[in-house]
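Next up: the structures, one after another.
In the two complexes that follow, subunit A is the common piece, with subunit B as its partner first and subunit C second.
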Partner chain A sequence: MLWSRRSVFLGLVVGGPVVLAATLRLAELSGLLFDPRRPRPAGVVVYGMMIWLIYVRFLVPVLGVFYGTSLIADEVDDKTLTYLFTRPIQRSAVIIGKYLAYLVCTILLLLPSVVIVFFLVVPLGQGATIGAMFPTLLTDLGMLAFGLAAYGAVFAFVGARLKRPLVVGLLFALGWEPAVLIAPGYLKRATVAYYLQALVRHEMPQDSPASTLMQIFREIPPVSTSLIGLAVIVGLGLWLAGRTVEVREYVLEQ
Partner chain B sequence: MTSRTRYFVIASLLVLTVGLGTGLVAYYVGVPGTFLVDRDGPAELQYVPRDTAIVAYAEVREIMTSDVHQKFRHAVPLRGDAQAQFQDQTGINIESDIDRVVASLQPLADGTTAGLVIARGRFDEVRIEALMREHGAHVEEYNGKRVIVNNEVPQQAGDTMALTFLEPGLVAVGSGRAVRAAIELQKGGENVTSNPELMNLMRSLDRGNAWAIGRIDALRTNGRLPPQIANQLPAITWFSVSSRIDSDISGTLRADARDDEAANNLRDVVRGFLALAKIQAGNRPELQTLVQSLQLSGTGKSVALSFSIPGAVLDSFGATRESAEKPPAH
Partner chain C sequence: MTADAGSLDARVREGEAPRAGIVVAEHLSKWYGQIIGLNDVTLSVPPGITGLLGPNGAGKSTLMKMITGQLKPSQGTITVLGERIWGNPALYARIGFCPEQDAFYERMTGLEWVTALVRLNGVDEGEADLLAKRALELVELSDAANKKIGAYSKGMRQRVKMAQALVHDPELIVLDEPLSGMDPIVRRKTIRMIREWGRQGKSIIVSSHILHEIEAMTPNILLISQGRILAEGDVHQIRSLIDEHPHTVHIRAERPRSLAREFLAHDDVLSLEFEDDAVVVETARPDMFYARLTTLAASGELGTIHEVTSPDDNLQAVFQYLVKS
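Coming up: the complex of A and B.
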């Protein structure tokens, strides 16, 4: 899982924010990017924007889609699923084990990136001190770990159930979820983002008309509701994935 | 587990452990987030009492010579030339004599407040004393300092207006009690730099050339805010304003609420005002840049609103005033 071409690509994607943060820091130190007579962008604001735009809205769903859908689909494509199913264990245990491996890999891939970005960006522009923002970092790490767990469980089920799970997964994460979140009504409760975004402590950036609409129609469920919602999504996703693997007959194309 | 995987896991855990460990130490011990910057504020803070409710700072000379000041004078001319009047009474030319100013407001136990302004610059002590004497002031000695006291300037009950030179080129002016307290602080004692809450807030500001920090709840408890205003204010504990004034004005307004819920409510209110302002500015092109620059941010209990007023906005106000004052053509 860890050393596939997919991982190399995603590693580069996850490294992107670190490179961006390092560039901002170097630009500030060298005085090349920022006019010294004007206030530099506050590090806390930049960090909050990066958490929203890069991590919450893009990286977490994308990591979930790419890795979650591949848990079973890769074994089908490589025709190695038979070897796993011939083991003397329940079929659902296979996908649960692979899901846990996914969780460890993605957490070890994503969270160090957030920590590095935090230390590079927060001190920008005489911003808040590292110490003052440390509780926010802990909240962010926990929130992102919950996000990876929830998206991974959903896409593990999608990967186990559908034949072209990657396309469906990308449509769900980058099409359905953003579209439903800017619409009024209760449909947004059928998304992972609804519960996940309530755990983000940073102010949502007003970078586009879609963000403005999202803010207008944004409902913020209480933290307890969000945590319960995410836990239900993880439990339900894994149960459905396990059940699908138990009952479905996978046909390996020759 | 292959060696590559092992190295990946070790490197990831190392980054997480070192990062979280450093953050934890910074949280409990306090490690500055930036280096090579003046994080403890201006030296004049040593004369400001520890329990002060509001502290403000301005680099007067820089602001007075800025483009914005010139444009502002053009847009809003001062009637009666208050600046010249102040110079006649004190001998201090604000534009050329003062470099920077620290102002503070301290709530006192009897329900009153003591205001203090500490200005650093170039002052003619003899001339200032003579001018103040001409206006009814007298000189007293306090802890070895000459304090010029003027009972004729209206002050709060039991207080007077006073002025003293704390150091060469450093004048303290304000309520008699505050000026005497500043003289005492010169000899030692707890000043505002030993107030961790206020100093942490000040360190977190991008201070620019003018800033202010205030503790709303102290003023509210002290009854210094009218009840009509105090009741309307959401549960704000601290507020701060920082700005840079040169060719335009940019800065940040920040409020720290009592809890996350109060901060969310405040954000909702500000968001509503922003939406209203955007609608109102729709047919005012000169205001659109200003309104577009308003950016709401903040995490947890903190709510921040950044703004930028381009110099062109002040130009347009000046032009509007001129056109309004011109007699209609026949």
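Coming up: the complex of A and C.
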């Protein structure tokens, strides 16, 4: 799963925040970037913004879409599915096994990036120290891992069910979810982001009108509700994915 | 043996006991939207090697996929080794399938790939390694076991596919166009291997659209075309089922015209024509004709008969005849 063009591309994408963090750190150390007449943003704030804007709103959903939808879809496109589905194991066991491999791989891809960014960015400017912020780092790592699990489960089902799952997945993660989160009402509870964003301990950035609207209509469920909600999403997504592969016929084109 | 085609006599099966066989299909149909893949197929595949023969698009792969549980029937039933196959993964411990598509995890070596697949049978790592090596030895790929599959030739790729089908020592092996793309030497070796597996007591269903390949492996065939089974059984017995239809005999003789005059005196000869030193006869009653011919050959009264062949007595003729019926 890791040795593919997709992984190289996503590896570069995941490396982007590390490069950004390293640039900021170098800029501060060299005194080049910041205006000495103005107060520098605290490293903690920069780190929080990166967690929101880069990891929670982009990287976690995108990794979930690209890898989750490909669990079965790649086997169908490569015509290797036959070998897996003619072994004496339940088809659902195949997709669950691939999902677990997805989870390990994406965690290994993403979380080191977060750790490096943390150590580069938190010491910037004035603010809390690394030691004081370390529990926040652990919370963020757990939150992002849970996000990968939830998005992965949803898109595993999408990939098992649909013929063009990547397009649908991207529309869901980068279109539907942000749109629904802005709007008032209960629809937002049908998104992973609603529960995941409630677990982010950092201040939501005011980076756009959309963020402002999100702040206005934002309801923050309790942590317990979010954890249960995400667990239900993982369980339901995997159950639906397993059920789909058990009953669906996959006609591989000759 | 049975034949089921437009102008052929079908065997009456009233009062017969339920079919027994490693694969039994009853009124099996499969359609994809408006397209019919299989059309009311009823068959019983006996133990041993059975060839599934038909042109491209005949329904061979559809039938193979239904036998291996990748497709479920739209109508009718299919059982394999006495059990329903769809949704019954435990049965795959007894079945090995070599699909037609040339698809692999190219970055893996042959040994890694076969080992990984047999591990899905619940085998531990050490045993999986041993089984995989044994399977690769059976298909004569031991030397290339540690090479990446991406570097394999076409013949090697086909053989490693067969290795993964054999690795868990199944009772039934299903091979979908196993000789596709092979050179003649490898083809011959593979046919020999398949026949050896049959001698070892395995049941094998092998599909092909190339007639002489099937003939080289087994006399027991299923003819399929346009989603229908045209005939099943021994190729010679199938031919005998159509004995009321003209049977062509090619006789190379010293005096073909004298023979022709003798033949025309009997009403079972429908037509004849001459070719160089031979006469080609179309007869409605081949048994009688051959008996008469044997007498003539023994007596020598109409000259020496050098050679008697029947272009009909092979799969090509049977198949073309049945497809046209």
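Throughout what follows, the second predicted complex is superposed on the first by the 253 of 254 C-alpha atoms of A that agree within 3 Å, B and C clash if a C-alpha of one lies under 4 Å from a C-alpha of the other, contacts with A are read in each partner's own complex, and residues count from 1 in each chain.
Simple rule for what comes next: a contact is a pair of C-beta atoms (placed from the backbone, for glycine too) under 8 Å apart; a residue touches a chain by one contact, two chains touch by 3 or more.
As the structure is a prediction and not an experimental result, all values here were calculated from the model.
*Asks:* If subunit A is used to align the two complexes, do subunit B and subunit C fit next to each other or clash?
*Replies:* On the shared subunit A, the partners fit.
*Asks:* Looking at A:Leu24 after the superposition, I want to know if it touches subunit B, subunit C, both of them or none. Which is it: first, second, both, neither?
*Replies:* Neither: A:Leu24 stays clear of subunit B and subunit C.
*Asks:* Touching A:Ile116, do we find subunit B (first), subunit C (second), both, or neither?
*Replies:* first
*Asks:* Is A:Val251 touching anything from subunit B or subunit C once the two structures are fitted on A? First, second, both or neither.
*Replies:* second
*Asks:* Determine, under the contact definition given at the top, whether A:Thr136 touches first (subunit B), second (subunit C), both, or neither.
*Replies:* First partner only.
*Asks:* Tell me which partner touches more residues of subunit A in the superposed arrangement, subunit B or subunit C.
*Replies:* Touched residues of subunit A are more numerous for B.
*Asks:* For A:Leu199, using the defined touch cut-off, is the partner it touches subunit B, subunit C, both, or neither? Pick first, second, both or neither.
*Replies:* neither
*Asks:* Under the stated touch criterion, which partner chain does A:Thr82 make contact with: subunit B (first), subunit C (second), both, or neither?
*Replies:* After superposition on chain A, A:Thr82 lies in contact with subunit C alone.
*Asks:* Looking at the overlay, does A:Val45 come into contact with subunit B only (first), subunit C only (second), both, or neither?
*Replies:* First partner only, subunit B.
*Asks:* Once both structures sit on top of one another, what is the angle subunit B-subunit A-subunit C taken between CA centres, to the nearest 10 degrees?
*Replies:* Vertex subunit A, arms to subunit B and subunit C: 170 degrees.
*Asks:* After the two structures are laid over each other on chain A, how near do the C-alpha atoms of subunit B and subunit C get, in Å?
*Replies:* So the smallest C-alpha to C-alpha spacing between these two chains is 9 Å.
*Asks:* On subunit A, which stretch or stretches are contacted by subunit B in one complex as well as by subunit C in the other?
*Replies:* In subunit A, residues 3 are touched by subunit B and also by subunit C.
*Asks:* Across the complex, what residues on subunit A touch subunit C?
*Replies:* Those residues of subunit A that touch subunit C are 3, 78-80, 82-91, 246, 249-252, 254.
*Asks:* Can you check the complex and tell me which residues of subunit B touch subunit A?
*Replies:* Subunit B residues touching subunit A: 2, 4-5, 8-9, 11-13, 15-16, 19-20, 22-24, 26-34, 37, 39, 200, 203-208, 242-244, 246, 250-252, 264, 267, 271, 295-300, 303-304, 306.
*Asks:* If you look only at subunit A, which of its residues touch subunit B in the complex?
*Replies:* Contacts found on subunit A: 2-3, 37-40, 42-45, 48, 108-109, 111-112, 115-116, 118-119, 122-123, 125-138, 201-203, 205-206, 215, 220.
*Asks:* Using the touch definition from the top, list the residues of subunit C that touch subunit A in their complex.
*Replies:* Spelled out, the residues of subunit C in touch with subunit A are 32, 61, 68-72, 87, 89-93, 95, 97, 99-101, 103-105, 107, 117, 120-122, 164.
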